[in-house]
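Naming follows writing order (A, B, C, D, E and F), and every chain is counted from residue 1.
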Amino acid sequence: MSRIDGRTPDQLRPVTIERGWSKHAEGSVLISFGDTKVFCTASVTEGVPRWRKGSGEGWVTAEYSMLPRSTNTRGDRESVRGKIGGRTHEISRLIGRSLRAVIDYKALGENTIVLDCDVLQADGGTRTAAITGAYVALADAIAWAQGKKIIKPARKPLTGTVAAISVGIVDGTPLLDLCYEEDVRAETDMNVVCTGDGRFVEVQGTAEAEPFDRTELNALLDLATAGCVDLARFQNDALAATLGA
Amino acid sequence: MSRIDGRTPDQLRPVTIERGWSKHAEGSVLISFGDTKVFCTASVTEGVPRWRKGSGEGWVTAEYSMLPRSTNTRGDRESVRGKIGGRTHEISRLIGRSLRAVIDYKALGENTIVLDCDVLQADGGTRTAAITGAYVALADAIAWAQGKKIIKPARKPLTGTVAAISVGIVDGTPLLDLCYEEDVRAETDMNVVCTGDGRFVEVQGTAEAEPFDRTELNALLDLATAGCVDLARFQNDALAATLGA
Amino acid sequence: MSRIDGRTPDQLRPVTIERGWSKHAEGSVLISFGDTKVFCTASVTEGVPRWRKGSGEGWVTAEYSMLPRSTNTRGDRESVRGKIGGRTHEISRLIGRSLRAVIDYKALGENTIVLDCDVLQADGGTRTAAITGAYVALADAIAWAQGKKIIKPARKPLTGTVAAISVGIVDGTPLLDLCYEEDVRAETDMNVVCTGDGRFVEVQGTAEAEPFDRTELNALLDLATAGCVDLARFQNDALAATLGA
Amino acid sequence: MSRIDGRTPDQLRPVTIERGWSKHAEGSVLISFGDTKVFCTASVTEGVPRWRKGSGEGWVTAEYSMLPRSTNTRGDRESVRGKIGGRTHEISRLIGRSLRAVIDYKALGENTIVLDCDVLQADGGTRTAAITGAYVALADAIAWAQGKKIIKPARKPLTGTVAAISVGIVDGTPLLDLCYEEDVRAETDMNVVCTGDGRFVEVQGTAEAEPFDRTELNALLDLATAGCVDLARFQNDALAATLGA
Amino acid sequence: MSRIDGRTPDQLRPVTIERGWSKHAEGSVLISFGDTKVFCTASVTEGVPRWRKGSGEGWVTAEYSMLPRSTNTRGDRESVRGKIGGRTHEISRLIGRSLRAVIDYKALGENTIVLDCDVLQADGGTRTAAITGAYVALADAIAWAQGKKIIKPARKPLTGTVAAISVGIVDGTPLLDLCYEEDVRAETDMNVVCTGDGRFVEVQGTAEAEPFDRTELNALLDLATAGCVDLARFQNDALAATLGA
Amino acid sequence: MSRIDGRTPDQLRPVTIERGWSKHAEGSVLISFGDTKVFCTASVTEGVPRWRKGSGEGWVTAEYSMLPRSTNTRGDRESVRGKIGGRTHEISRLIGRSLRAVIDYKALGENTIVLDCDVLQADGGTRTAAITGAYVALADAIAWAQGKKIIKPARKPLTGTVAAISVGIVDGTPLLDLCYEEDVRAETDMNVVCTGDGRFVEVQGTAEAEPFDRTELNALLDLATAGCVDLARFQNDALAATLGA
């Protein structure tokens, strides 16, 4: 069976990770999963939220947003509507939790890093691209802060790498990295966040049309785990390059 | 190993389902999972949201909320703060999706059912109790609407039953139906929504402290599946009783 | 003349006061005036709002809210609308003022007690039931705080008891404790808050259909005063019982 | 006993009612009760809110607001805070109810009149001045609309006149029309809205410091009733003058 | 060519400046430009916003608002809508910047002055009347604060005077001080803020119907500069009078 | 005198205009003025806002926003704060007015075009880059709509071109196209919007530190007019290229 864009079921879309896309942010990445493009910035500030003061521990959080015309039909701006929608809230929280899973708060010291993930163009998988790109921006920001001695250079605030991918069952076939057209047709949709060593940080599966059984769940988890291994390699390759080169 | 409240790892807390708790709502249930108590009402209105008009199909949606002192420390009211928090949004959406998974929109006709799930007392598992109780309120509301011929009596708007339970790994042991104290200590936390025939509607696993591997995931899914079978039986028993008797 | 539910004009609906309805709150009551059910919790926190710091005096405040399906037709949640309506504001303020009328701020010390009054089911008289129940929850919370030495055990923060009842003129007849059907038909509607020694804390009379004269006002005040005496007795009886027995 | 400003206990402050203060509004009044100045406009629009369409009946509503520096200390603007406070809500609702008490909706036809009462300077009694002034603006707006045949000239949309005054007990003495300094010292505070024929539209008494008994309540009602008679005369005198003369 | 109200193209409408219009505010002015009436109050508070603390410098800011029926058709209150519109924001910022242009922050000391400009009646030019009146209220507030030694009496917090006027091209003719009817017909509309010595603080020109060329711009600037000279004289005359005389 | 980045006083920063940057929007441009980068999309929808229905005329509007880390220090998201700030409102309105100045509403037919201008990186001049880029996106969107016959191909909805540039006086010298460092040091700051034929659409000059005189104003207008001529040429060159080539 051939997919809309000719991929095999277990194939990722082309992934690009451009570091240093912002002259202001301490870490910044423009990541693309096919036509999905997300701009991720990591902002370091000394100090932590009030509830964490004096703990000696840092904090990492994230905000996700879509530009109004990142989608096929223009959506209202949440700033104009005056409130953030449930989907935005949900994804922001997911990104934050995913990154915190690889953070050693003590090693971070009392510093805060905010990841902003703004979707410039959407074609399915925006949350997984956001997590995957935000990790790279976070790594750059931490390196920057260690260079400035804001974070102690001898510490290792990152305990591993983290990446995410979507999987789903379309017309009965489990597929990796759904584009928008596949996503809307999926019977089941799952987002999986893995560490670089292949363990799970988040597993979120949803029956869109039909409840799914254990066999289908296993097939999806197999696909996602393999996809995350590939993404971890792309992340490491991107970080291995000299920034600005 | 014995749990805080003496249960075995695969044991649910005592479950009670009281139907007809409201004289106004078309369906209403006070459900408790141990000390967690959620009041669920189902409100039927003829007509559907604008985007669905003329489709011949109905709609089911849900709103979840916690009373300010349902928790150990009083929380601010979201109405007073003027906005709904991310967690509330996320759970409301989860409940709605879970119930829609067992709805035949055509059979519902152009009618809307809103499920309100208000947590009166929280001790872990409020979202799973809400889904489990809301299903019963929904079934009662559909029966009421069929009695009133608002929904065609010959149709079957419910395609199955749905229930939910939390599972987690605490001190390395997979446990079913976490109470609050277990929940805060869990390394991994998962909410699983199943249909009565044992298939998955939602699987949401989160590494709270440590990423989890496939073996742990499988152990949690086994526990949750068995727990949902028990809950389905409680739901059926409750619905088999004469309402108001 | 016989009333909808067979009561005499000067008769209260059945009143029940269940204490200890929450395991978390320092004081909690489920009160019912007939089919009107209000869940009242009292939450004690050490410290006072900023404008009162250093005064040596405490503070008592209240928030009232209706569950969306507490009424015959589902109402929108104020949290979803993003703002609190005028009626909710008005009643919250009334409950707070009523309880503060029997508080000795000095004896309370710099502690704050928040009363949450959530209407689970509405059938007229929700604000009067809320005040009457909140007093009992407040008394339990103060006793708890004195037991914990948060409030000095030798002091008497309560200077008396307080209860409230509605009265109105329906078809020319003054009636006590209106249920919803009577309330919508009332020409004049009045809420009266009294201390246990028969003095007035609040008198709020409104001509719904027709202005009222002094004679009618006097008849309503007579009814209300007598009703509050009965409510004070129910409160004292409830508080005389051993909590949890 | 002499009052702060030398008045007798049963004496109103100087009352002025200037009609035609706005060139745009269909009715407009600048009313002063001593140093309290409220600008009242009545705006007529054809048509009624959706819930009243097709009823053949009109609607009257009111909005009250204080300019930020109408008080001794500048208050935040409610538009800047993004929400309306409880007191503002409460008073807006009171003004609306008071005016509707003298309206024959059928005679008004399907027209809406909005009363805006903006406090330019506050010195106690702003809500009572607002009601008293708004009545005059309303009467002018109705006359205007009858002149334009928007309201049928043969009908009498006003069934009477309405005015309001505050009373209170200060140092044990019942006083009429409290200025700000008296108001803050009052043990009991009451606002009374009366029709021109001496009947009650609203009676709102609040124990600020000490519950009050029936004798005190009666003394306050006597004072208020007499004060409203005087105000009705001022209203009639103002309306008897030729507008713009 | 004669204007709607008979003025010559370079003629201001009648200007009145009444000082001391509020008994509470430290400075207050009711200014009218023809039928446009704006009530300006200046409120002095000791201390400055957080971002300015410890600087030894003061702050001046402004808030502009229109009463709902200041215009020909009633507008919604921004407090009721829950947000401030773009036009209100824009004008508030313009007024603040204009006044700060003549303030020596050091001489002000760490004090804040807030100017509230509330439009009671609008007939074009509300923002220019607001700036012109607010300057006078500001001068009075500074004098008051120097009298109270809140601001050092030896310092000169005002470095000059500031006034504003609108100009526009109507039917090809440049006109000074547009009334509402002229304003809606203007091809080009400009607001100019000048210091008393004839220099520019703000120049805001907008092509409403047709782009304008340099010659037209020059003609408008000539008119505005002359108009501001006249306004500066009215301001000085007003301030030369004894307040309250 | 040499500028921070080595430019002459009358020299623009390097300008790049990349068309077709979004696969979804009907027109889209990534424009840069030096390090300032703004992403502009034009979204076409058939139909117009309610107040314009049946007029046969179209509508063009704009929304401007800055990504939180487009600046040197991260700013809060306006969606999270729940309200749009004054500066954002002001610039959105300016962009909309500027583009409408070259629109023939009749030729547009009853269609709406929304311009979204999101600042990805800010280094001064974001509003002028936004206007200049939005014009190009608008032209592409109109061409697209004419290709689809949504707008009549024979009509000319654009009556000209429009571009904008900032100018200012820094250390006494008038400079064109200020970068951020120049902008914060400017005594006077002006934004000028011109049509391609050299006429003015908007002139907004502000004295930041010191009022400016007519001579300075003239020098700034000369610089800006020349800069806009250059920008018009860049726009025409960009539009002359084949899209996607």
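The rule we apply is simple: a contact is a pair of C-beta atoms (placed from the backbone, for glycine too) under 8 Å apart; a residue touches a chain by one contact, two chains touch by 3 or more.
Protein identities per chain, from UniProt: A, B, C, D, E, F = Ribonuclease PH.
Everything numeric in this text was worked out from a predicted model, so none of it was measured.
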Between chain D (Ribonuclease PH) and chain F (Ribonuclease PH), the fewest steps along chains that touch one another: 2
Contact-graph separation of chain B (Ribonuclease PH) and chain F (Ribonuclease PH), given in steps at minimum: 2
Separation of chain A (Ribonuclease PH) from chain F (Ribonuclease PH), taking each centre as the mean of its C-alpha atoms, in whole Å: 33
CA centroid of chain A (Ribonuclease PH) to CA centroid of chain B (Ribonuclease PH), Å: 29
Where chain A (Ribonuclease PH) and chain E (Ribonuclease PH) are represented by their mean Cα positions, the distance between them in whole Å: 51
Numbers and ranges of chain D (Ribonuclease PH) residues touching at least 2 other chains: 82-84
Chain-level touch network, classified as line, ring, star, complete or other: ring
Round-the-ring chain order [start: chain C (Ribonuclease PH); next: chain D (Ribonuclease PH)]: C, D, E, F, A, B
Chain C (Ribonuclease PH)-touching residues of chain D (Ribonuclease PH), taken from the complex the two chains share: 83-87, 89-90, 92-93, 97, 101, 160, 190, 194-195, 197-207, 211-214, 217, 221, 225
Of chain B (Ribonuclease PH), residues touching chain C (Ribonuclease PH) in the complex: 22-25, 28, 35, 39, 41, 43, 45, 63, 65, 67-72, 74, 77-80, 82-84, 88, 114, 116, 118, 120-123
